[in-house]
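Paired with chain B in one complex and with chain C in the other, chain A is shared by the two complexes that follow.
== the complex of A and B ==
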């Protein structure tokens, strides 16, 4: 909990700044719209957290999201009755991609950076090979409802986000979470104390694939079908997780902080838009803030908390 | 620094037996063997298709196609060997192509100032990358991603499309050739030789391997690790700047998307790893990277000659990269157990 405090404080400051610039933000409708917009990135960040805390990377989530949306559009093709089977298929594809990433990483001993980079190329190539270069077909209204519609005033995506968040926190409190953190902290020690290290990592990759599938379902409804829908999401998700104070290299950080990092990133975008720094310069500000935030964490954390063996190494 | 794949790398116990040079040569041999096998396979496939594989045209094409990526990948090799990596090269290439074309503005007399400005800008970006990583202790992945975003923002804010003009004389760099060898390939070879010399014949090179192998041990042995990392980042960015110059001379102008369209950030990392350099740092070399880049270019040429859909190319490329690294991992494991 102690480690989630800094990012929560930053998030509160950003939200307050948004509220000052735009009082509408404090009304339930305005705040729910923000949550709805943030939901896909927060879910992706939760998935990415599992992989990062176990000491690996998942660069394939962006192209997985694109692939899922394109597959859904082509298979549904406007036919409402196909909605549920296709959603089930998307989730299976997400889990399967995660399984392949995990198995190649752990059993073939290929660095996950390379495995998921290869998966990124394979997914984006394969899906456009299948559709002939551009997305085809259309999503059904039922499918789009998850990203657009809601249960009364509460958008579906916010409910899904709550469910995913609760599940992620529960997972990290269960035995699985403890073995996962142990694996990321010191793989050999974890293995020697009886953790099935490979299995933990494969499950982490599968959770990341599952998160990408859920995010794709939300984004497909929210943003529609395009070849760019998932572009750059892998970097946004990793950035969000790191903003939350989770250390690349594994073993440290909480899933709540990772999700708070994603909210912070989204709040930052909103704030930049409100203050008229839109378009390209937004990236510049984003770049500066990410470096500054991570630098602040890296420089001050060792003083505030007792450094453990290997920290100097992990923070650099 | 080597947290990218900290536990993936089994302890290289063979180090005690083989010398440093013997150990470095090994993975590069594999990539050149694979290259030869691929050329043979391509020759058979293209011949079955009724064409001729190694024509003058395709050999020149392979060299031209690989020159820009090759130069970036050489720089990336230095950064990765030091246990770091650079995700900002793609945007830096776009930026430097614009800087070059804008300063040249179509006049021959401005070529030298433009080249100097490009080298200066890229060295500065590399310095920032290096200092953020070493002084602010930000993970290289995040630091260079952040710098990439900063450059992207500036470039996209100032430019919507191609800008500036490169004089005819400078365009010769991109297109002219000496016999079967394009000038751009000579430039690539030059950069590779300089990098090879730096890594294998100077103290800096020795330090780079030491820092990449184990930063803490290197520091305790009296190496100023920060300085070595900053230097590799400066050199890596300068290589990206040279690639930017080359691409500007090919296009005849600067373009804000030339670096990202080529996917030079991830592609250069893939080429380095394909060449047998360990992503965790400390192991590998320039010659492997040259082999890796050539392998990707030959693969491209085969697909072009067989007129295969470009999306198949991406799929095969992804599979080749993963399989190659899996093979390297297996060899290392086989030796150490």
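== the complex of A and C ==
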């Protein structure tokens, strides 16, 4: 919890700034709309957190989201009865992509940066090839309900977000979480003390793939079919995690802080938008955040915590 | 990692820029795509005029809208507005012909539809025995070498759809000396091509949409303008024409926002504006790809959809009909991809062609909506493809029979 405090403070400041610029933000409807908009990124950040805290990267989530949305549209093709089977298929695809990422990273010893970058290119190329640049088909109303509709005034995506967040926090408190952090902190030590390092990492990648599938269902539901839906999301997710104080290279940081980082990033985007700053700047902002957060970690960590050579530098 | 991100950003810009390709005809535009974002703060709410604005082009395009095109009415891709014919006798030669095409890209739905249409047009003419195409994949440097490569392939005529204007000009100039060149969609800064084919253009697009809103939105009504991104010539013309129209009107432009062509972002922006102003009375868009997302923002807020413009994409037309919207769809017709093939054959047969071949640029209105709406076509199909009678329709364009 202690590590979550700084990012929560930043988040509060940003939310206050938004509220000043747009008083409607404080009304339940306005705030729920913000939560709904942030939900996909927060879920992706939770997934990315598992991978990063285990000492790896997952760059494939953005194009996985795009692929999932495009596949869903093509397979559902407006037919409501196909909704649930396709959702099940999307989740399987997400887990499968994570499995491949994890197995190649751990068993074949290819750095995850390369594996998932390759997966990003493979998926985006495959989507382009399959669709020819113009996605076909349509999502059913039932599918879109997860991103558009709600239970009374509360959007479904907010409820799904709560469930995912609770599950992520529970996972990190369970043995799995401790194993994962130990793996990211010092892989060799963890392995020598009996942790099944490879298994932990593979599961982390599968969780990230699962998060991408859920995010895809929410994003596709929110705004419909698009071949650009996932563009840049991998960087937003990594930025969010880093912003939450999670150390690139693994071993430190909480999943709650990572999710708070995603909320903060989304709040920052909202604020930029409110002040009419072009969307192109979002990339710049993310770049500055990643560099600054890693640099700040490298500067402060040795003084605040037990000095541990290497792990902060491993990130850069 | 930052480098990759920059690549992503640049790619996104290119994709979006390629989406909506049109170009003012004058050669006087500033080459550097500096940002000329017009913010909503000052004056009429539309901000400063774009640096890309060229008054003469604007006037010419707006005038062209009222002129009756010459040529067969049922084949708008063969029509031309106020053509000045160019003699092509010196290019006359006997068939069969080998046509070559240097394509800027096929990386967005608009170009996809156009490219399929062009291939089908080529298939109609048995005197074309060979059709060689190189896809520049949105890269200027690749297109420059593509054009050079095609000159060595023994083409009888070269069709070029330039990726950007200024950078491709020398390559096209070099090709002009060897083979008759036909340029379409975006132009180049030389008049050496035998003909330059394009619809009326971006000013007409922007003005068509804005004039509709000014007519439908009550005085003092709040209009939200949604643009893809600033600093891209082909999009600046659309907005600058709309700005001219809004400035003369009584509607109030409460915001000019950039959506990056992203549906989720568009929906979020519109939701924000609905929240902030309680009511938005009209939405202007510089491209139709995210129009449905904007409409859904109103639906999800439980509000009636105000007057809005989109483009001739099926998803928008379908929504328009289903929700009975007050809407208009200016177009940048994909049927222009048929014209270069027709022009090439005319040139090789020694028939005269318009030097500046301005195609009609119809708009979809509630009166003619039913003729353009084709429910069997995919959501991102462009209705004005002029491809309905071509062999392979609708399957080749992703549609379903019946």
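Everything that follows uses one rule, which is that the second predicted complex is superposed on the first by the 275 of 316 C-alpha atoms of A that agree within 3 Å, B and C clash if a C-alpha of one lies under 4 Å from a C-alpha of the other, contacts with A are read in each partner's own complex, and residues count from 1 in each chain.
The rule we apply is simple: a contact is a pair of C-beta atoms (placed from the backbone, for glycine too) under 8 Å apart; a residue touches a chain by one contact, two chains touch by 3 or more.
All values derive from a computational prediction rather than experimental measurement.
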When the two structures are overlaid on chain A, which partner does A:119 contact: first (chain B), second (chain C), both, or neither?
first
Determine, under the contact definition given at the top, whether A:109 touches first (chain B), second (chain C), both, or neither.
first
Name the contact category of A:242: first (chain B only), second (chain C only), both, or neither.
first
Using the superposition on chain A described above, determine whether A:228 touches chain B (first), chain C (second), both, or neither.
second
A:33 contacts which: chain B (first), chain C (second), both, neither?
second
Looking at A:16 after the superposition, I want to know if it touches chain B, chain C, both of them or none. Which is it: first, second, both, neither?
neither
Go through the superposed model and pick first if A:136 touches only chain B, second if only chain C, both, or neither.
second
Could you say whether A:250 touches chain B, chain C, both of them, or neither, answering first, second, both or neither?
first
Classify the contacts of A:295 with the two partner chains as first (chain B alone), second (chain C alone), both, or neither.
first
Looking at chain A, which partner touches more of its residues: chain C or chain B?
B
Interface residues of chain A shared between complexes with chain B and chain C:
117, 128, 133, 235, 238, 279-280, 283, 286-287, 290-291
Which of the residues in chain A end up touching chain C in this complex?
22, 24-25, 29-30, 33, 37, 117, 128, 132-138, 148, 219, 222-226, 228-229, 231-232, 235, 238, 270, 273-274, 276, 278-280, 283, 286-287, 290-291
Show which residues of chain A lie in contact with chain B when the two form their complex.
55, 57, 59, 104-105, 108-115, 117-122, 124-126, 128-129, 133, 187-188, 235, 238-239, 242, 248-250, 279-288, 290-291, 294-295, 298-299, 312-316
Which residues of chain B touch chain A in the complex?
1, 3-8, 10, 132-134, 136-139, 141-143, 145-150, 152-157, 215-216, 266, 269-270, 273, 279-280, 309, 311-315, 317-319, 321-322, 325-326, 329-330, 333
For the complex, which residues does chain C have touching chain A?
1-2, 4-6, 8-9, 12-13, 15, 35, 37, 39-41, 106-109, 111-113, 229-230, 255, 257-269, 271-272, 275-276, 292-293, 296, 300, 315, 378-381, 398
